[in-house]
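Next, two complexes with chain A in common: one pairs it with chain B, the other with chain C.
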Partner chain A sequence: MSNFNVVGKRIPKLDAAQKAMGRAAYIQDIKLPQMLYGKILYSKYANANIVKIDTSKAKALAGVHAVLTGEDVPEKMKMGFIKDNPPIKKGRVSCFRDEVAAVAAISPEIAKKALDLIEIEYEELEGIFDPEKAMEKDSPLVHEHLKSNVLKMPWDVHYGDVEKAEKESAFVVEDRFTTTWVTHCCMGTSGAVALFDASENLTIYTNTQIPSLAQKDFLESLKAMGLKNKRVRVIKPIIGGGFGSKLDTYAYEHVAILLAYACRKPVKMVFDRVEEFKATSTRQPTVTYIKQGCDKNGKLTFRDMRMVLDNGGHTSWGATTPSVMLMPISSLYSVKNVKYSAKCVYTNNTYSQAMRGYGNPQATFAIESSMDMLAEKAGIDRIKFRKINQNHAGEETPQGLKITSCGLAECIDAVEKELHFNDNNEKGVGTGLASLIHVGGGARIYGSDGCGAILKMDDYGKVDIFTGGTDMGQGLDNITAQIVAEELGLSAEDINVVHSDTDICPWDVGAHASRSTFVAGNAALGAAKKVKKKIQDFASKLFETPAEEIELKDKMVFVTGNPEKNMPIGKLLRKAHFSPGGTMLMAEHFYDPDNQNMGKELKGNMSMTYSFGAHGAKVKVDEETGKVEVLEYVAAHDVGRAINPLLLEGQVYGGVVMGLGYALTEEVTVKNGEIMNANFRDYKLFTAKDAVKIKAPVIETDDKDGPFGAKGIGEPGCVPTAPAIANAIYNAVGVRIKDLPITPEKVLAALKEKTVKK
Partner chain B sequence: MKPFTYLSPKTVEEAIAFHGQHSETAKYIGGGTDVIVKVKEGWMEPDFLISLKKIKEMSELHKNEATGELSIGAMVTHATLEKSLMIQNEYPIVYDAVSNIGSLQVRNVGTIGGNLINAVPSADGAIPLIALDGVAQLHGADGERSSDVKDLFLAPYKTILKPGEILKKITIPPQAPRTGSAYTKFGRRAAMELPLIGIGVLLTVDEDLETCTRARIVLGVAAPTPMRAVDAEKYLIGKKINENVLIEAGKIAADESKVRDSVRGKAWHRKEMIRVHVKRMGLNCLKKIQKIN
Partner chain C sequence: MTTNISFLLNGDEISYDVKDHWTLLHLLREEMGLIGTKEGCGNGECGACTVIVDKLAVNSCLYLAIEVDGTAIETIEGLASTDGTLHPLQQSFVDNGGIQCGFCSPGMIMSSKALLDENPNANREEIKQALAGNICRCTGYIPIFKSVEAAKEMGGQNE
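Right after this comes the complex of A and B.
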């Protein structure tokens, strides 16, 4: 089976050279004739009434073409999946990042100057910044008309009988964990260029991970603007990083549309770094209460978790992350009785979005920290404890997840082999382990989880494949090319992957949930198979041999067992085109996995398959300063099949470094709703010098539904990193840090408290 | 970013003259790693940037072997200092400080003079120069004058320099024998990190290689300007240096400091870091002295 020619090869990213040479065109590089520059003015307060806005001075400034306020936004133009958020606010602001006005001008400098000339009178109101306080009965309301700060969401579920299981447990642990805001830190900042043609059809160049869904959002905006039956074309420039940040449409995109329409000229809106920090979304901060127990043999009996999420001032996809948190809560390790509730609570803080892991890192931090605590209480070795409870292929979890392939045991073994857990470490040195489960075969969040692909071959044996999938730097182009090349007997360079334009590319749900390799990969594979069949049929006539005996390899078509009967694929294609009654060799394929929407009962097989992994860390804690140094890191993943090990390692390294930042250094510092560290000096993203050597053993379980056996691996790298580090710190110096990030202050304070207690 | 005119004088006098012509709207620029950031952010909007790069004498790094005096041109980059064997061997505290500034790219263009005149409490380069009793040589329209580096700073972003005045160089008096020095900064990251606290220690000991005859304990981010912990220094004089003595000195230095809570770090932890690192840097000094002697 693993006798592949292109799949499994370490082929460098196909766009690496143009990126390295500075030729790749990002949104920043796009310049259109007559283009204007848009800028947004944000709220000065976390919570306030807008009493008066005077834009007359801004409008009078030479070079300004339009100034918009909330009054200029059509009533029905709203963002977010519950459509509660207009792109420019009117009357009331609920967080510092709320947009209050926007301008378009002939230069960014003039646009900025115009913003300074807008006069706004606010009436400041008391803000609410603590979600747990905001849940209290007498708390002031962020949105008065909603009557409560708690969102109406369905996250309340009980599988089995937790109360009974708790009574029967031999050991129980209970604790509270918190995580804070972190942000994606894409090297390419956000931006869009919107323009209308003479018939009022919209073209928008934008950094998005969801071209098809964005198209729908923009169509709705046009409709709200009174532009019915118009077309929207979404063009993606090269994207400098996604990590979930581009899974929704944002105010700046809708504002660019409004400005472009108002001015009848292209309008470009690009964020600077400060804006990127302040006006894009974060990962959800969480408060997690966890209780779990096991019997005297160490078998998990129940898990009971309650989470409170800071929803911020408005609702974005962040509020749906509890659906993914449910996955590790119900299904990381075999546990029959599970109770879970999550509440998303409005505050006057910034609001959150999808971010790599989609809730999984927060949940796994609590689960895996608690697993160590339970193992210790039960007196069982922490690695053994995990093996006792590990998942198995064939298992159906309480949530209804059907585990078809599972390499968790092999992952733990691989980590154990690379990192010696029970060595007698020197003082201050310790090891930690944490595992993960994540969707690896799509995730049915929407009605469809599908992706389309159109494949055509030219006269020279080359392929153009038009995919709905999105490459935002993660390497879907390579994966698509390698899958297609493998199937058609070509090399990866023969495949041109086009994913940039909704006018050309078929539909897709988006680059999220680690789904692209699996779903877009299967779509590409399906199309390639259809074309292959056509080639075989054509060659079968030519060579007068049954189609099943036609093989494609090394850019040649030949007859099995009779290799003299052959023809270069290009020649065959020309023959197909130039013969009488000629035919084109192209195909389309739409792949929509057979997974399930969870529905009201919160039960269902979300994904066709699940990826697993185990991370191990060795750390050294400076007991006088509280500083943690990561000495070794091993991240083993069950990926089904590595289509491209080089890119796979890249995903794992990048994920782990992101996870280490989450564990140790990164936090958006928010003070009364205001972001205090909107720059890379104070937002402590890991630098190259901080990055540690990472070993990334790959476990291949050859998933039955994955393209060539592959499962998704985009997110897992950053899922169990924080608990692996927290567990290692505990192992090293005996203090358990339950709040991320694990700063030297927190470690030192805990060490001091421990000494006092002694 | 507001556009500006870039001037490149070849002598100190020419630079001062340019500045005189455009006084209100001109700014000197060294490596530009602070200036350009400010111009881009709109915190500074000069019409003229007067580059000091072409002034040869300002980029000279030179030790007078006869007198033992070290002269560091204000335009000497952190990278030049970092790579100098003389600095590495004879002024380890300078090496410790400059080799961890920002990143390689920042050190390649950022200058020691710019670091001083930018005058932030976290300036890594200021600490060793204060510890070494450095003297700043200034040149302005009214002529030349000098000031101890420790007296250069008035407040964050504010020095004693008069408008148009240039920092030409820093001179370091000859070092006493049996002197050791070391600096460290405490932060969350390994690079691109302004210190949460910076700690420099310099010790000179008697012929017994133990008794302290001279001590400098200099702290960054412990007050609005770089500061010397003079009480802690005094405490050390005449004492036989060992871990316990240094622990006490660390405590005194921490008490002297004026650390504050900020979004970057808590005061109590900064104090702890002063304590721990005065001890560690002190031991480091002692080790260096004992290794050579």
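Right after this comes the complex of A and C.
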């Protein structure tokens, strides 16, 4: 194995001590002089016309500085993927979370009181809540001017010849799977503080995963407000959890901007937990029809999938999740003929956004459940069946994904070794397996998939690195520090990672697609390499040795094979600085991976590399109650290289438990568009009491393009969890649950149906 | 209505005029500026606001400020020594990956402290019970259990 000094070490998270002492400042903790508190009023109906709004009483309340309605929002101020969603609605509301008014006041209590004083007359309209019904011809329209509830999106592809392949298949299975709304539940709720300076430039403190794209959105909002050529500074406080929830800009941010401008004072907008449940975006609910087949030897012949996604009342980036769903559909296991179509359908439900996996968990639930069904039909052992079809390095999938490194087989082996799939005879106990593919080397969704880094060294051997990347708890600060320290022969404590401010950090497309280790890591590595080269050049003159023979290690600079010729790095930096014609050692690097935008054909190598994994679960099903207990769980991941195994395990454990919630307990209950369980008592997260034994074997495949061989691992942990559990339940008691979450009621009902059939 | 109350806060004697409807969480965070105690739900469901009142871990979001009159309160700010040395629990949460985003951490650490102060040899089951009211969305709990167990070895019950 390679000989690293800092990479591969279990170095605790750099900001953990601050957090352990209660000193880390989150958005909740930010207080500015003269700050006002903003609050938003939401619609009372899922679908209604707003007939009249009277804000006079709210405006008259002492301590209220501004009351805004949809009429006060500039025409061009819109949010979302197709910019169709104003931050406060006027005329018509299309879901319960639609904003209808907002206030700023000197205290949160007064702001709340003011909301109660706003009088709104609605004319309620019939709502539509089932996306499949909303597709029917005579369905009422959510947005009449669009003439259809189905969004115009390009999700319709056919690679190879599915019809022919189906005819030639020895075995075919076909089924329907459904998933529901789940939500991120970041422990730190959403929020922002906006303020304008005397020249009407905006500073906004916000919990964002996309500082640079957010800056662009806010600039557009300013422009819509008539503020042209202004500056926007986005400052990220410490983020209390991301998981995809902060991958867009949201009404509360734009409303904070409007209020701050209306009052010319800082305005803070922080969600309470109920609001967090009701007014943030969920993971997309899906209806999936899948058909796939294999030949008599078990080789997959085709996969044909059709999906309907509930788009909710407005279009957010959620409507683009089929682009990621396509990845496992076309490329999880080798299959040549693939068809996929997805329809995003407006309803009067809440709308969805990015959530860890970006569509992959929904697609993988259907694919991996169906893989088990096909294996059974073909009479082939389920593990063997997957091995027959496993991906391998060097393969190009029908979608055009180029697999450069692939540890899927090793992952399956690792799970098999830990879980002993076939030797459980205990009644009600069973095992299940499911695999995953995910982007692991960036994902080109925008014009750029890049990230910048600026690195400077001081006179003492310490480094400040300004990265475009975002740390939201996952540990990008460590990854950056460890990569830079490794390259420059320093220790991680010598590296200060600054990632919080668009005024000083370069551009980055955002912390999404598990791309930060790979892309921000490569940006940091590129900058470190440039500085290293400068150090080597300088030392080469000093020691009269070729630059290639200069090594950096243990905070020293020395000549290879001649270690007496050496100098502490700090001393060398001072020599470089305080000599005639002196220089400071600094460098910048912008890394934009050589991956492809898929384009209209939905074909192209969207990531530089792909992460693989296999999960195995052992469950016990109580046939009296339907309750599923997870006895053991193994999550093996091909991560290229573990830059920091401690943080890596944390990503996997956290991902798996989030995935277990998805599989078994989590569900935003929505009744006629209204969210009924906006609290932690009724929205069932896994707690410490439910915690499961998880083993997390790490497979290192040393990816040729990853920084020190690393690939992304942020999302994969929660991707194949639900099908692993569903497959284990089937193995245990012979019922297949095709609708998430797999609650005891569903298991019991299926068990009953099974006995009746017998 | 305002009431004057006195209590010990991390060893300091405090006298404060509090409004009757203030929660302890409000008093600590909004009035006294002790931001280490977090609000995750404001409704007794997540444990982010856990502090120790007379040796018991409580949800400060449900606790009225006037009720702490005459009690001794410990918050996350009071755990590290004055020379900056972290409390064994803080150190072991750092070392064992018990902290990712960190929003649950002050509450987790305070619940763990109340447990170990009372039961220095708590086993895994007892740790799970004691932390059942503290939600963490990042870690999957495993690194948190390891953190508490490691602190136990380090003598986490001691000041």
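Everything below uses one rule, namely that the second predicted complex is superposed on the first by the 756 of 758 C-alpha atoms of A that agree within 3 Å, B and C clash if a C-alpha of one lies under 4 Å from a C-alpha of the other, contacts with A are read in each partner's own complex, and residues count from 1 in each chain.
Here, a residue touches a chain if its C-beta (ideal position, glycine included) is under 8 Å from a C-beta of that chain, and two chains touch if they have at least 3 such contacts.
Everything quoted here is computed from the prediction, not taken from an experiment.
In the superposed model, A:K689 lies in contact with both chain B and chain C. By the touch criterion defined above, A:A62 reaches neither chain B nor chain C.
Of the two partner chains, chain B is the only one that A:E745 touches; chain C does not reach it. Using the contact criterion defined above for the overlaid structures, shared-chain residue A:T625 touches chain B, although it does not reach chain C. A count of residues in chain A touched by chain B and by chain C gives the higher number to C.
In the superposition on chain A, A:R681 makes contact with both chain B and chain C.
By the document's definition of touching, of the two partners only chain C reaches A:G473; chain B does not. Once the two complexes are overlaid on the shared chain, A:R23 sits against chain C while remaining clear of chain B. With the contact threshold set out at the top, residues 680-681, 686-689 of chain A are in contact with chain B in one structure and with chain C in the other.
Those residues of chain C whose C-beta lies close enough to touch chain A in the complex are 34-43, 45-46, 48, 75-77, 79-80, 86, 90-91, 93-97, 99-106, 109, 127-129, 131-145. Remark: chain A residues 12-13, 15-26, 28-29, 184-189, 238-243, 272-273, 472-475, 646-647, 649-650, 652-658, 679-681, 685-689, 691, 694 touch chain C in the complex.
Residue ranges on chain A touching chain B, taken from their complex, read 109, 624-627, 664-665, 669, 671, 676-677, 680-682, 684, 686-690, 743-745, 748-749. Only residues 1-2, 103, 186, 188-192, 194, 263-266, 269, 272-273, 276 of chain B touch chain A when the two sit together in their complex.
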